[in-house]
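Right after this note come the structures.
Next, two complexes with chain A in common: one pairs it with chain B, the other with chain C.
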Partner chain A sequence: MADAVSFPPRAGAPKERWLHRNRRAIAPWMFLAPGVLFFLVYVIFPIFQSFEISLYKWDGLGEARYIGLRNYEKLFSDRAFETSLWNNLKWLVLYLLAVPAGLFIAIFLNQTVTGIRLYKSLFFFPFVISQVVVGLVFTWFYDPTFGLLNTIIGWFGAGPLNVLGDPAFVTYGIIAAGLWPQTAYCMILYLTGLNAVDPEQVEAGRLDGARGWRMLWHVILPQLRPATFIAFVVTIIGALRSFDLISIMTDGGPFGSSRVLSFYMFEKALSEYGFRMGYGAAIAVVLFLIMLGFIAYFLWSMYRDERGA
Partner chain B sequence: MRFMLPAAALAAAAIASVPASAGLSGNLKIFLDTSNPAPRATMEAMIARFGAQHPDLDIETTIIDREAYKTQIRNFLTADPPDVATWYAANRMRPYVSAGLFEDLSDLWEEPEIAENLASTKGAMTIDGKQWGVPYTYYQWGVYYREDIFNELGLEEPATWEEEKANCAKIVASGRACYTIGTKYLWTAGGWFDYLNLRTNGYDFHMALTQGEVEWTDDRVRAVFAKWRELIDMGAFIANHQTYSWQEALPFIVNGEATAYLMGNFSVAPMREAGLTDDKLDFYQFVEITPGIAKAEDAPTDTFHIPANARNKDAARAFLRYVVSAENQTIINNGENLGQLPVNAQAAIDDDEFLRQGFEMLSRNSPGGVAQFFDRDAPAELAKVAMEGFQEFMVFPDHLDDILERLESARQDIY
Partner chain C sequence: MFPAPIRKASVPWQLAYRTLLPVSLFLWLLPLMAVAVFSIKPADDFTTGNYWGPPSTFEAAANYGRVFFESDMPRYLLNSLLITVPTVIGAVALSCMTGFALGVYRFRANLWLFFMFVAGNFVPFQILMVPVRDLTLELGLYNTKTGLVLFHIAFQTGFCTLFMRNFIRTLPFALIESARVEGVSEFRIFRYVVLPLMKPAIAALSILIFTFIWNDYFWAVVLTQGAGSQPVTAGITSFNAQYRAAYHLMSAGSIVAALPPVAMFFLMQRHFIAGLTLGAVK
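After this line comes the complex of A and B, so read on.
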């Protein structure tokens, strides 16, 4: 009788003990599980799905027809795709100007005068406002008839210039608009970094006679390496993600000359005139591969740094 | 954006003495894209009137932003369809028709009430010999011009291409542009192409071209661009139009920097609001180009459809019958509501200068036929590429050969 009573709890005991024994190993996975699950469902799975859809001709509604790599073949002879690819490259290179510009402003603002907090906030302001607003402000600034830009260059006898209506200038015009908030972002990263710069090392450098550029290059910048790394990562990803500004400022125009890959993909697959899911997915795959190159490099260098540390 | 109407329906029921007919019951789910304030109020009032006639019917209306609707329709038609949804006529509905997502409404069109009074729009609602929806409003396109500036320069409404150009030469000489246009979102250039092509080559050719049966490198297509180029070379269009939307192009005509606007009738409301009274603004039909070709017009039609997977199709059909009825058409299209043209031949046209002229033009002076609009007649994909080409042509007319070759290769891909 006594045995029978004490039996049920015993039955659960081995299992409980297993959980108990391994809780240190299991706990992190339990905490990670929701994140991992969502990451799998919303990031990893769609990546493979994109690969799959890119092999079909599909209008998003009817029957999908398997066409192998034909979408990719078409990409190579598609001039709009070529333009988008070049524009992506321009974005990548020129957007990086935000990093040195942010550093410059951060060093400039890293001093103690009355009201410096206010100045810092003012410089940070463009990053706080929405990209849509930035786009609108710059569209009005560039407006060929009423815009401020043409008034200003008019004083020097130049212009009128229709920045957003000229295929030769349009991408640069949009990148300039994008640099405004991105510079502010890099600035804030560097300002935080500058707080952590060791004053003793600066003092030591000064005793050894370093000043100006030499001080910056050999003493300050090495200590800012983590900030520089993050600034590069967010800027490169930001350049590849550029979409909102293009959509607001030009809608990809004039005649498609300011499109980038992400915008072109949206247009082909999801916009009012797009019904080519397969083709859009193929563009997405190309964009993914480009991003993968950068992301792999960043992960690798982070891993290397951690091992070195 | 979601709301229920029973309260409004009850209130209307108290006033209306119309007996409840047919005993419709259950739910009726209506999705609308009429998100602008005036059309929205019009639609809500119309649904309330319908609800009053069918007190047992529980109507649920959802109004979705007009632009967002264009992408959402794909999702809700497949996933959780309403009983009634708005959309556009002609090729714009083809993807949903061929995917089997719209209900075949040929039976409605056989009812004498509809067959007799809606004949003029039947073609636009027909794909593969069947009708897939009903229209609820349409509007004319044409040239809206500054009557006062025309008077000042001593110009008359032109009727032929030569007169049009002669007028334009005088306007340009007075330091103005002849036409305002904003091509940032491309479709406005499609309007110019439609009219130049309809007048140069006629309705049948235009339809053959938008259906992909004619090569874009054809000499007849080149003739259209040659006419267009005559205007471009004169400096007829405002500069930098590629940077403006159609609304942003309005100040040019309002301020008198340009004298005319080739547009749909919906542009009258903002121009009136900006201060162009009826003695300053007038309308004429796009001029003749090739003598002897029957004139055809663009008159885009907005429509109601029943999704194939709708649950309450009887109530949905009753609702569509009510929408197109002469009485309702008179109300929703009057100047206080949509300010457009009724689709029912028995309905009365509101006493408005532009609606009267538009109705006159479409019923008496458009023997060639009625087109929908470039991006509704041509498949979406081709429309995009083509309108991009039109915009490029308006900025760089010398790129024409390249543009036409690009269009031709797109045509071979798409059809």
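After this line comes the complex of A and C, so read on.
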């Protein structure tokens, strides 16, 4: 694009001419320099530093001691690490329920009755609230003595259920809390997507006798692909980043049964019983490698689209 | 339009839809409304076990008054503001430039740099935690708002660059070309041709980053401690420790902490949603 326009040569002192001639090659770097520098120092370099730190035994204060891959060896026999990894998997799978749930609500709300705009905003509401507050709200919601959940199931003669105090339920309880804002996010993505659906194709589909599910599957969903892609990206990233809710609702408990890698890493690295930065970094590296698989896939999809465009 | 407009449906269906709407909204926001009800109850209601009945007296003024005048909450709120606003300005300013560079110029490293920003934006925070905490300590910025702001600016630049670059790609390129033909310098093209067209993107990003940063909890606990520098997300836990089991106050505190981004969202809804869809879904 930019190179297609030929640049009219101008007379001047040689030095000025060089700058002038190359200004289109130099300009982008001037614009990029501050942002790239910041990003390298605070994001890119730290990734590599974490890899290095994971090879040391280090309390964050004294001398770091090189121990090779010993931190990783320890991970294999660490039951808490195993629990965290399993819980991460649960998060990843169950969190994705936010995508169809969001689509469902979006279809429900995609109407033009009076006041629908306010309804859409209010349905979206949970996403704007910080996860810390969502965590508190749901902690009280689940409370075994006065929580709304137990009040309600009490009407049916069930309970009381101590969701956050029971290792069998705790992770699912926290995921449910996380699904609340995440579904709202997916909903808004799909609402915007539905807005852009081509009405002519819908009409054509109707003429061909497509209704309900068939219409959704064959006509609507293909047009919602960009929304679906973003919904998957943000939901997967969100699932692997889950930290706030766990920290607020259970602090990893009971008996460490609701930990995930991101939380376990934090707990080890900044533990009250002495910092274990090297071990923490090793956990972070594992989490990073899991995420890297997804990131690579996202980038590949984006690359394909770029080439296609 | 999909699904078929309810207006074309039969009257019973329309009625059913119109009753279902408020009912579903009520259920959806139930946990939140419970907290809102808690926040206007007197302390007595909790000791006598009147959790879900109507409040015996309305104590909204007293409860919220105590949050604002008898706790550290106002300081935390101020900290949040002093962290969030500079971050928004910094990240948006940097990404206007990076987005412009990556959106307008063709050079070999272009796509690689773009992917660096995108990929960096997706990494788990924990892989950055130890080195960033270290760096902040070395700079003497641990436990300061500045330390937190610097990191936030850098990290958010990733997402903002993605957004800005994609937005600039949708602008008519002929405008830039004609300015070049007339010999306008690259900087002036950025300042006077492209920047004015970026206003909607700047608005969308600002509101979005405001929410992200206001709601950040992880970096707040990693890089700051105490009421001197901590934002309200981290402060609310100390607040709750102070008022343990005083559910009316904890509820009021949570609502106060959650309110600023909510207000922002309702004021600037259109921009907010444009930002969330990353500009990809139009």
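A few comments on the model shown:
Following the convention adopted for this analysis, the second predicted complex is superposed on the first by the 291 of 309 C-alpha atoms of A that agree within 3 Å, B and C clash if a C-alpha of one lies under 4 Å from a C-alpha of the other, contacts with A are read in each partner's own complex, and residues count from 1 in each chain.
Following the convention adopted for this analysis, a contact is a pair of C-beta atoms (placed from the backbone, for glycine too) under 8 Å apart; a residue touches a chain by one contact, two chains touch by 3 or more.
What you see is a predicted model; the values in this text were computed from it and never measured.
Touch criterion not met for A:L69: it reaches neither chain B nor chain C. Shared-chain residue A:V128: touches chain C; no touch with chain B. Once the two complexes are laid over each other on the shared chain, residue contacts for A:A27 go to chain C alone; chain B is not touched. Applying the stated contact rule after C-alpha superposition, one finds that A:Q111 touches chain C and leaves chain B untouched. Of the two partner chains placed around the shared chain by superposition, neither chain B nor chain C is touched by A:V93.
Of the two partner chains, chain B and chain C are each touched by A:L270. Residue contacts after overlaying the shared chain place A:V43 against chain C, while chain B stays out of touching range. Of the two partners, chain B and chain C, it is C that touches more residues of chain A. Residue contacts after overlaying the shared chain place A:M215 against chain C, while chain B stays out of touching range. In the superposition on chain A, the residues of chain A touched by chain B in one structure and by chain C in the other are 60, 270. Against chain C, the residues of chain A that register as touching in their complex are 1-3, 5, 7-8, 23-25, 27-32, 34-36, 38-39, 41-47, 49-50, 53, 60, 107-108, 110-113, 116, 119, 121-126, 128-133, 136-138, 140-141, 146, 148, 151, 180, 185, 188-189, 192-194, 196-197, 199, 202, 215-216, 219-220, 226-227, 229-230, 233, 237, 240-241, 243-244, 247-248, 261-262, 265-266, 269-270, 277, 280-281, 283-285, 287-288, 291, 294-295, 298-299, 302-303, 306.
Of all residues in chain A, those touching chain B in their complex are 59-62, 74, 79, 142-145, 162, 164-165, 250-251, 253-256, 267, 270-276. Taken together, the chain B residues at the contact with chain A in this complex read 67, 70-71, 74, 77-78, 95-96, 98-99, 101, 184-186, 239-240, 242-243, 375, 380-381, 383-384, 388-389, 391-392, 395, 406, 413. Against chain A, the residues of chain C that register as touching in their complex are 1-3, 5-7, 17-18, 21, 24-25, 28-32, 34-35, 38, 46, 49, 51-52, 94-95, 97-98, 100-102, 104-107, 110-111, 113, 115-120, 122-132, 135, 150-151, 153-155, 157-158, 161, 173, 177, 180-181, 183, 185-187, 190, 211, 214-215, 217-218, 221-222, 233, 236-237, 240, 247, 250-251, 254-255, 257-258, 261-262, 264-266, 269, 273, 276-278, 280-282.
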